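A single structure is presented below for examination.
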Amino acid sequence: MGRLSVRLCGIELDNPVIAASGTFGYGYEFAEFYDINCLGTFSFKGTTGEARFGNPTPRVAECATGMLNAIGLQNPGVEKVVAEELPRLKRCFRKPVMANVSGFSIGDYVYTCSVLDKEEQVGWLEVNISCPNVEGGGMVFGTDPKAASEVVAAVKKAVTKPVIVKLSPNVTDIVSIASACEAAGADGISLINTIPGMRIDLKTKRPVLANRMGGYSGPGVFPIAVRMVYQVASTVNIPVVGMGGVSCAEDVIEMMLAGATAVQVGTANLVDPFACRNIINELPAVMDKYGIDRLEDIIGGAING
Amino acid sequence: MGRLSVRLCGIELDNPVIAASGTFGYGYEFAEFYDINCLGTFSFKGTTGEARFGNPTPRVAECATGMLNAIGLQNPGVEKVVAEELPRLKRCFRKPVMANVSGFSIGDYVYTCSVLDKEEQVGWLEVNISCPNVEGGGMVFGTDPKAASEVVAAVKKAVTKPVIVKLSPNVTDIVSIASACEAAGADGISLINTIPGMRIDLKTKRPVLANRMGGYSGPGVFPIAVRMVYQVASTVNIPVVGMGGVSCAEDVIEMMLAGATAVQVGTANLVDPFACRNIINELPAVMDKYGIDRLEDIIGGAING
Amino acid sequence: MKDSIFQVIENRALTPNIFKMRLCGDVSEVGQPGQFINIKLDGCYLRRPLSVYDADPISVTVIYKVVGRGTEIMSRLKNGTMLSVMTGLGNGFDIMAAGERPLLIGGGAGVPPLYLLAKKLVERCSKVSVVLGFNTITDVFCEEEFKRLGCEVTVTTADGSYGVKGFVTDALPEGYTYFYTCGPEAMLKAVFDSTGTSGQFSFEERMGCGFGACMGCSCKTVSGYKRICKEGPVLKKEEITWEG
Amino acid sequence: MKDSIFQVIENRALTPNIFKMRLCGDVSEVGQPGQFINIKLDGCYLRRPLSVYDADPISVTVIYKVVGRGTEIMSRLKNGTMLSVMTGLGNGFDIMAAGERPLLIGGGAGVPPLYLLAKKLVERCSKVSVVLGFNTITDVFCEEEFKRLGCEVTVTTADGSYGVKGFVTDALPEGYTYFYTCGPEAMLKAVFDSTGTSGQFSFEERMGCGFGACMGCSCKTVSGYKRICKEGPVLKKEEITWEG
C-alpha cells in the first residue's frame, strides 16, 4: 500500500480522493481533460429507478464561496445507466466506481440498488437519503432516524456490495441519524450532502432558482462539514466518507483528521475540472509539510487523544 | 418616515441595520470609531443572570469566508450590565437598544428579561434560545418547539416590552420552531444564530478551538440565512429580523426581500468596525440602482407574488 | 475543451456598458462560431460564460455587457491580467445549413457570436444579411464591423433613435434561405414566430460548470433534455419547445 | 484606534522565514511600544495582528514569522500594495516601571515589540540588557539593531550554534531592576519562574476583532478576565495566573 492509499469497506483506494456525485457526471466529460484513473474513485450522478428530467431552470445560483443547485436528480434511469453509461465509462475508468442511488420510496431504493449491485464495475452503493419520502408524506428520509434505518435495512437485504449511506446535513442531530444507519447495517456513512439555501435576484426581486431553494455546496460549507464528520466519526464504528467544500490537499487532510476514511470533492470540479487531479498531486508535499507519513494513520487523528 | 426607516414591533428605526449581539460589545468600543447613533439600533452582548467567564481560549478560528466562535457567553451578569454598561452606553447612544438575553433555565430567562425590561434604554428583548437547557438535560431550547414555546410564554408573562426570539439554525425544521414561538406570544423572530462548525489545525492535529466546536458566522452562512428567513417569514405573521453573513447594502436588501423587517450585521463588524455605518451610507445608492423607493415596501417582496 | 491561462491584451468600452476584451493564449480549441469560453475571475466563485466574438491564431475576443458583479469586475481588468479560461465549449452554429442567403439576427448582448459566424458565412454565401436590434442609439455597437465584412446590415432601435424604429422582427429582410439568431429570450421567441425558414438559435442559461458535468443548464427540446453548455448553446428551430 | 490605508514600502526577508515590512500611512495612533496593529489581507477573512517593531512620523514597521496562510500571503506583498490596517491597538508596555537597569527578554517571533521598547528605555535608563533566544543560528535576527541602540545583548540558541547554548533563562544577567518579555508561552512561563523582580509579559491569543468587541481573546488574570487585545497584550507579572 502506498502513502496515500486507504481502505474503504474492504476495497483499497490508491488515494482517498473521490469525485462527488452530481459533479462528475458519469465520468467521461472529465476523461476529456485527464486520465481519471488517477482518482481514488468517483461517485456517479444520483441514479433513480425511472428517468428524471429534474427541475426547471435556473437550476444554479452563485454564492460568495460556493453555489446553490436544484438540479432535481436529472438522470436517465438505472436501466439506461447500466445499458449505456457504464459501458461508456468502462472505456475510460478501470477502477470500481461508487454508484450513487436516490429514491422516493423504499421500494425505489431497493430496486435501483439491486440492479446496480449486479454490475461488476460498481464497488460501493452510495445511498443518498436526502430525497423526500413520498410514502412518508414528503418528509425527507434522511431527517428521521426511523425512516433512514428502514431504507438501509431494506437495501442491505437486497445487495451484496458495501452500502454507504449519504446523509443530509439539514438535521438537528446528525449523530442520531448516523447511528440509526449503522444499527440498520450500513457499511459506511458519507456526508455532507448540500445544505438548503436561497439566493434572491435584486433585479427581478425573485429567488434566483426556479425551484426557489437549492442545495448549498462549496468552500462556504466546509466548517459545517468538518464538524459533522467529526461528530459522526466520533460515534460510529464504520468508515466515514467526508465531503463538503473540499478544494485543496489541506482540506483533505483536515477532513481525515476529523475522521474521514476517504474524502469526496464536489463543487470544486465544476469550477476547475482538474481539481481532483491537482489535489492528489499536491497531497505528498502537503503531507511532508505536516509530518504525515501515511494518510491512513491520520484518520480521526483530531478525535480525543 | 424616511426612505430607509422601518417599524419593528411598534418602534421606528431610522434604518433597518442593527449590529448583532456579541459582535458589538455594549457599544462603546465602536463609539470610539464613529457616532453609533447612525445605526437602526444594536443588540448588546448576550447577557445572563449571573456573570459568566466563558470558554477557554482559543475561542475563535478563521474560515474561508467567516469565522468560528466559542466565546461561551462571557458577560458581567445582568446586574452589572444595568449598573455599569447601560449608564456608560447612555453617554454615546440615545436610541432604544436591543437587549440580548441568554439563560440555562426558564427561571434564568425570566429573571434576566424582567430586570432588563425595566430599563428605559431597552427597546426590545432579544431572547437567544440557542443555549443548552440545563433542566431539560442539556438539549438546546431552540431545537425543540415545546421547550422554545415554554421559554417564550414564561418571558412574555414577565415583561412589557416586545420579545424577539432568536432562533438557532441547527434544526431540521426551522418553521416549526418559529411557529411555536409565535403561538407562545413572541412579538418577533430573529435568525440566524451561528451554525455549529469545526476547524482542525494541521500542525497540532487538534481542533483549533479549545471547545472543539464553535459557531460559524460570516458571508459563508448567508445563503442558509436567506433561506431560513424566507421560510419563516413566509409562515409567521410577526416581524422577522434577518441576519447571517450580511456584509453590504445588497445583502441587506436581499434579506429584506426574503422577508426581514430589519437586518442584523454581526461578524462584518469584527473585520471592519465601520461595516454598519458603511452599509447604511451605501443603502440609498443601491436602492436607486434596483429601483427601490422605500425599504419598507420590499419586505418579503420575494415571497410568492 | 481546454483550460489554460490567457492574458488580457485589450479591454475597452464600445458603449457605456458594452466592453470588448481580447485575450491572448492557447486558442487551439477555439473552433466553431457560436461556441463559448468560460472565464474564472478573482472574486467570483463560478466562471462567466461568454461567446467567442472573434478569434485569430494567437487570441480570442469577446464582447460583453456589464450586468452584474462578474462583468463589472471584468470591465476593470487591466492589460496583462492573467485569467484561467476554458475554451472550446458548446456545439456552435452549423454553417453548412446556411444556403445562399443566410440572415443573422442579433439583439443587444446577443450580437457578439454572430460576428465570427458572419466572417465564415461571407466566404461561402452570395449574400449575408444582418439585423441588429438595440434599445437606443447609445447602445449600438458592431454595425461597422459587420459592414466591413460585406454584410447587408440593418439596425433597429426600440425608441427609433437610430436606424429602423422597432424590434428586429420589424426589419427582417425578404428572401433569406436560413437564419441564425442570438439575443434575449423574448426576442428569440418573436424571431421564432416571425421567420419563414428554418434556423438556429443560441440560448443562454445559468451554468454551474459549462462543460457538461453538473446538469445545471438542461433545457427541454422535442428530442429530450439537452445541456445548453454541451449539446447547446445552439439549438435548431425544429428542436425547440418553449416550455422551459 | 484608527483604521486606515497603509502602503507597503519595504518587505524583505531577514532570515529564511522572518520578514520585515514597513508600512507608510497615518501613524497618529501608533503610540506605546508593545501595542500592535491588525492587518487585513486579500484572501484572509480575519485580520492578522502584529506588534509594532518600530515607528517614525510617516511609517510603522513590523517583523513577522511566516507560519501559515496569512503570513505567507504577507511575505509575497510587493512594494506599493495598499492594505487596510488598524493601529493603536492594545495597552502596550508601561515604561515608567523600568527602573535604572531594565532587562528585555525576547524569544523568536516575540522579539519585535522589544525593539521600540528598547529605543524608549535607552533614553531614560542607565543600562538596558537584552536577551534574545532562538532555535538555531539561521533564525537569529535583530541582534545588531539592539546593539546599535546601546543595549547589552546576549543571544541564546537552543542548539548552541550561536551565542550561549540553551534557553533565554540560561542567560539572564544579574542586577536588573525590572523586566519585559515577549515570546512563546513556554518561554514566558520559564521567565516567570526564573526572574527575581517584577516585570511585564506580552501575550498572544487568537483574535476575532483585535479591538475589544468580540471577547475572543479573553484571558484569566488575578483581577478577573482581561481582553488580550484591549487590556493586554501586556500583563504585569502580578496579574498573571497560568490557568488559561
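Assorted remarks:
Note that the chains take the letters A, B, C and D in the order they are written out, and that residue 1 is the start of every chain.
Heads up, the rule we're going with is that contacts are C-beta pairs under 8 Å (C-beta built on N, C-alpha and C of every residue); 3 or more make two chains touch, one makes a residue touch a chain.
Everything numeric in this text was worked out from a predicted model, so none of it was measured.
Listed by label, the chains touching chain B and chain D alike form an empty list.
Centroid analysis (C-alpha atoms only) places C farthest from chain D. Taking the mean of the C-alpha atoms as each chain's centre, chain B and chain C sit 46 Å apart.
If you average the CA atoms of chain A and of chain C, the two centres end up 36 Å from each other. Chain C and chain D have Cα centroids separated by 58 Å.
Contact of a single residue of chain C with at least two other chains is seen at no position. Within chain A, contacts with two or more other chains are made by residues 63-66. Chain contacts here run in a simple line, from one end chain through to the other with no loop closing. Annotation, chain-chain contacts: A-B, A-C, B-D (touch as defined at the top). If you check the complex, the residues on chain A that touch chain B are 63-66, 68, 143, 170-173, 195-200, 202-203, 205-207, 212-213, 216, 219-224, 226-227, 230, 245, 250, 253-254, 257-258, 290, 298, 301-302.
Contact residues of chain C toward chain A in the complex are 1, 3, 40, 44-47, 84, 86, 205-209, 211-220, 225, 230, 244.
Taken together, the chain A residues at the contact with chain C in this complex read 22-25, 29-30, 32-33, 45, 53-54, 56-67, 69, 71, 74, 208, 210, 218, 269-274.
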